[in-house]
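Each chain gets a letter, A, B, C and D, in the order it is written, and its residues are counted from 1.
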Amino acid sequence: MSAFKEEDRTSSGFYVTKEAPIEPSNPIPTPKAEAPDILRCAYMELVVTDLAASREFYVDILGLTVTEEDDERIYLRSLEEFIHHNLVLTKGPVAAVAAFSYRVRSNEELDKAVAFYEELGCRVERKKDGFVKGIGDSVRVVDPLGFPYEFFYETEHVERLAWRYDLYTPGALVRLDHFNQMTPDVPRAVRHLQDLGFRVTEDIQDKEGTVYAAWMRRKPTVHDTATTGGDGPRMHHVAFSTHEKHNILAICDKLGALRRSDAIERGPGRHGVSNAFYLYLRDPDGHRVEIYTQDYYTGDPDNPVVTWDVHDNQRRDWWGNPVVPSWYTEGSLVLDLDGNPQEVIARTDASEMAKTIGADGFSYTRDGDETKGFKLGNQL
Amino acid sequence: MSAFKEEDRTSSGFYVTKEAPIEPSNPIPTPKAEAPDILRCAYMELVVTDLAASREFYVDILGLTVTEEDDERIYLRSLEEFIHHNLVLTKGPVAAVAAFSYRVRSNEELDKAVAFYEELGCRVERKKDGFVKGIGDSVRVVDPLGFPYEFFYETEHVERLAWRYDLYTPGALVRLDHFNQMTPDVPRAVRHLQDLGFRVTEDIQDKEGTVYAAWMRRKPTVHDTATTGGDGPRMHHVAFSTHEKHNILAICDKLGALRRSDAIERGPGRHGVSNAFYLYLRDPDGHRVEIYTQDYYTGDPDNPVVTWDVHDNQRRDWWGNPVVPSWYTEGSLVLDLDGNPQEVIARTDASEMAKTIGADGFSYTRDGDETKGFKLGNQL
Amino acid sequence: MSAFKEEDRTSSGFYVTKEAPIEPSNPIPTPKAEAPDILRCAYMELVVTDLAASREFYVDILGLTVTEEDDERIYLRSLEEFIHHNLVLTKGPVAAVAAFSYRVRSNEELDKAVAFYEELGCRVERKKDGFVKGIGDSVRVVDPLGFPYEFFYETEHVERLAWRYDLYTPGALVRLDHFNQMTPDVPRAVRHLQDLGFRVTEDIQDKEGTVYAAWMRRKPTVHDTATTGGDGPRMHHVAFSTHEKHNILAICDKLGALRRSDAIERGPGRHGVSNAFYLYLRDPDGHRVEIYTQDYYTGDPDNPVVTWDVHDNQRRDWWGNPVVPSWYTEGSLVLDLDGNPQEVIARTDASEMAKTIGADGFSYTRDGDETKGFKLGNQL
Amino acid sequence: MSAFKEEDRTSSGFYVTKEAPIEPSNPIPTPKAEAPDILRCAYMELVVTDLAASREFYVDILGLTVTEEDDERIYLRSLEEFIHHNLVLTKGPVAAVAAFSYRVRSNEELDKAVAFYEELGCRVERKKDGFVKGIGDSVRVVDPLGFPYEFFYETEHVERLAWRYDLYTPGALVRLDHFNQMTPDVPRAVRHLQDLGFRVTEDIQDKEGTVYAAWMRRKPTVHDTATTGGDGPRMHHVAFSTHEKHNILAICDKLGALRRSDAIERGPGRHGVSNAFYLYLRDPDGHRVEIYTQDYYTGDPDNPVVTWDVHDNQRRDWWGNPVVPSWYTEGSLVLDLDGNPQEVIARTDASEMAKTIGADGFSYTRDGDETKGFKLGNQL
């Protein structure tokens, strides 16, 4: 059943509906237990193999603020943050993600999280003193999709440095914006995350009903996390916000000056999905970091859900610039609660890359013209 | 009792606490009825005396989009909006505000609004078909502070034009951001709005405990509305957002080109409060419109509350540029539900203007130096 | 003989010398006649096959101002220009360039131009009333490199619209910046243009001494024209300036909104050469237009000449983003004085594209690491 | 005789003519000797009373690059400069300007400078090794207007750091743009500077023919120097350029963060004259520094001269924001060649401040409405 009805089509070429038209064929059961009330994505714990190299990347180049550090971990935050950190770099043998951490409304929500995941049969751990510094009572789980999720409310308050313009760099990062997760079965993941309280804001589908990716939010931006179809569970990227577009360009300029432009994987560009301005970098371990700015308010319950045709050449880049294959295929391992990498399951649904690039794929710029509409950039 | 404790002082010069330290001496009773769940400020209905002149200002100069119009009313929206309008211009004999309108989570919240205000003894009206076009079931009240408030959920969805860059002007307005209300007794107003579910994010006080202004939010920005101490009830301003600072500068440039630079009342500048970049305009009837961009996320329940010293010369303008007197003293009348202007009550608490400018006032730029710290701009 | 000496290397990776180290093997004789004193590139006359389509592109999309138009020609200018036009669109059967037009210091310089080119055996035509509207006494020649060059001083003054911010679009073009010419033998072209009074500001070479491109100026910017090695004579592009980088991004956004993103051929990005921010578009006839901003002052006689290694992956894009093949291979025909296309001569020197992309090419990001340094973007 | 003819009036409200309509009543004789060929304003030597305080201001806050320094002098340059310095801070007992230094085309021009000023009866000194480090053969004079002028060609080349984005701050200064000199008799100064080879680009006059200020250039921007009517000879300001407007806003934000916002004297704003975006700061000695961006190309010999009516409220600030009195009245002393302050002569012509502000002054925003047009900001 096609998600695309002519009456839902906007003058911008995508489709809007009142609710996400996504149905999983093999759903994870919806728990009877109430989901915890998640405020927002709060921090990611990244395992890195060379702490000094990662510090150089995140502190010296990207300008994140060190809240605290020791020989094993560096705790970093963005300029407008008042909780202890938005990123933890943990030294380890294999580059991976140890936790996607969400802040909840209160400690009571942690009880709900425990019940929610126990009902789902997931492994659940709770630590009154937190798994990392600066965070109190917390719950970590391996969720039904295989991702290490954390929930917490208690945190040490640190100074919000928003007014400290003497500390700003030209590419100043001001907020953690979102996570992005690679998972083989997007509809299954979306339904589960809806059960956890997330709302879909945008997605990419085809006329046959295959869902390639979906964006979901708790705070009223386009997303706190997204699911990208691909071999998984893996982490696709973690995203920080700047105030303006020139801040993102300044990061590119600085990487050029440092002769590290090969850290730029894709962009900068304007997303179709989210309408945000973006840049994708790869850190010294290959972890993907997005720099992102200016999406839109999504907080109303009837916020229109945007669905993009996978063949729309402007869905991933509004300017039609090509997506590099690595962006589709590469991602970071995620760890279980013992620190072992989760097994990666291959996607069996159609691949967005195969559908849109190469011998069998196609993309259109304008409605109807499948040949003429090819972006010139695709010639490469 | 002073709000200023040395241990709460930040490196930026203001103070942070976990909750707003504001106590009214003469509080409005807190209703037993539950407050309606407000999503956000949604639109303002402005009465204007010359519809054509106002259309020129808001459409031709500021670039708001006309959703619908007739001989009596013009319905306008910003580029990222999907509800019917963010501003209604209604032709009338006296320039005033007919409604500060908030969107609530569902129609059920309207029942709560009715009960809430009836318990407070306020006049309440409900119209199933709305008071203006594009809005369904709505409640209008005159609140205990004398302001005409509206609540609604039902609205006609219109196209979100966020991706329609062919329609953008250099000064494109993308969102309605907030209202600002003038009221004689700020602590009394704050307590009442807290009862209605608002959270204080920032305020301006002095060591004697006088509160000069406070900012309150539902959506997780610095505010959906604010209360400015002054003769009231009056409307201080309505604010729209741009994406970037240069968009605001472009509005100034355009007003200069049109030889209407006298519509610029104050700014552009950087606010101390909110950390946003701002500009204040006056429309053809003298209604004040702010253009605003880049405040910060406030959605966590323990979001630090910022308190500014009224004598801090950077509180209203981070660059220390002077606030023009009209900005402190002038405001728009507000109407009751019959369309008659509400009586304006004089403020009896100390005036921020008197406290900071002129013979008896003082402002400091740096801690301690009351004389040397005067901003050069003050010489004028 | 290599242009690359270690002592000339800068901390940014390129080389600087006091004068362009370019020697042609087959030089065009230097005339004894004095060269005309050229002020700047002034306008290009483009032959287009569909005047309405071109008008839509240059006026409706790019926002150039129509000074004057009729059924055969449209005269366009940028916002800061006071001469009659910067671009003439002339209706014709074959898309091509009819003139690269330079303004000289006075009418007396036209006599010098005539003598200069007559000594070179070139065809020369002079018209007291100009070849197009708005221009007076002018000289047109086919230069020794095969390009149709025009020189003029007299022009109708029109209003400089720099202050007319009511006319600005988000992507406002404020100046004509430069031309770019494709020619098979770059050193030969450079020497000839030096004879005409141009100064080299930057070039791209390899260690064997092959010159791939060179930039030359009269006004003190990086260039008024440049020579790109390739089959020629052809026109590579004509460039307009914006004030800021966001203006260039706005043009991309608008093309996306109009579903014409396939007009974007390359970029946006930061040039290595010139340090400017850039975007390349293709007009409805395939004529390439660059949008450009923020190069540097070059007006001192000892301005350092910058030489880039052709294998430096950041020379063409400081962020290491790949150059699409069409950008290297495609260009516009140029006309002789009878309106017939000039024959295109194949380049015999090494091709920059072959040297840097593909099986035999290589590019480095950092000094020394030829493998590791490959830009990830190259994977496509 | 009025400079204002209706046929010269533009749609932006100012007037354009082919040449500056300025006639001195008491001209300095035009030397028979040829004027030296000046390239551009190159550096200013500022005497400062506290070298450490000035270093903090220019290096730590404004981010200028130290080329070289010792106990007596600090040599600073902007990011795009390749000559040794754009600013010399020299320790001394009285804050003043020791030299306005211009670069000329070659050493031969120094001979011309000597002859030019000797014919005018000025004191002239030439030093083969320069008056400061990094500069070779130079001529210093006290010109007929009382200003210490320097001319030089030889200079040590240093690295142009334009591509070193790792060194950029959010408010990065990229070029020295211009000087501004206070002098009692503007027409007299203009005529003399025209004799020295400067071209007028803009001026401010009244209908009675009084000239209040004029802008003059060698390089093709709006100015290399300007003359502001006032008690003099004094230095009004020295100006550095940024790439974009947000860079200027970032300087304001940083000064706020450092609690030094009282260093902001005027702005930021958009100039009417020059159309540039501006900010005026005062350094620790009170020397005025302008930060400036985006004026227009003026290099054609028939570049239209812009004349502003002194009563046009948008001439000094396109947004009509008021000019603070100190900006009109205060300036830095200038030194003779022995290091003694030049005597300051009072202006006798009408004062721009008196003409436009206060009891007898007036300014209009729109043509004709002298009362209604007052900028609201003037109320302060």
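Basically, a contact is a pair of C-beta atoms (placed from the backbone, for glycine too) under 8 Å apart; a residue touches a chain by one contact, two chains touch by 3 or more.
These are the chains along with the protein names UniProt gives them: A, B, C, D = 3,4-dihydroxyphenylacetate 2,3-dioxygenase.
Just so you know, these numbers come straight off a predicted model, no measurement behind them.
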Farthest chain (mean CA position) relative to chain C: B
C-D or A-D - the one linked by more C-beta pairs in contact: C-D
Euclidean distance of C-alpha centroids - chain C vs chain D, Å: 33
Rounded Å distance, chain B centre to chain D centre (Cα mean): 41
Computed distance of Cα centres, chain D from chain A, in Å: 51
Shared interface positions of chain A, touching two or more other chains: 12, 163-164, 244-246, 253, 256-257, 272, 318
Residue ranges of chain D in contact with chain A within the complex: 163-170, 172, 244, 246, 250, 253-254, 256-258
Chain B residues touching chain A - in the complex, by the definition given at the top: 10-12, 14, 16, 39-40, 80, 82-83, 103, 105-106, 157, 159-160, 162-164, 174-175, 219-220, 243-245, 272, 275, 294, 296-297, 299-304, 318
Contacting residues of chain B [partner chain D, same complex]: 12-13, 244-246, 249, 252-253, 255-257, 259-262, 264-266, 268, 270, 272, 277, 282, 313-314, 318-322, 324-326, 365-367, 373-377, 379-380
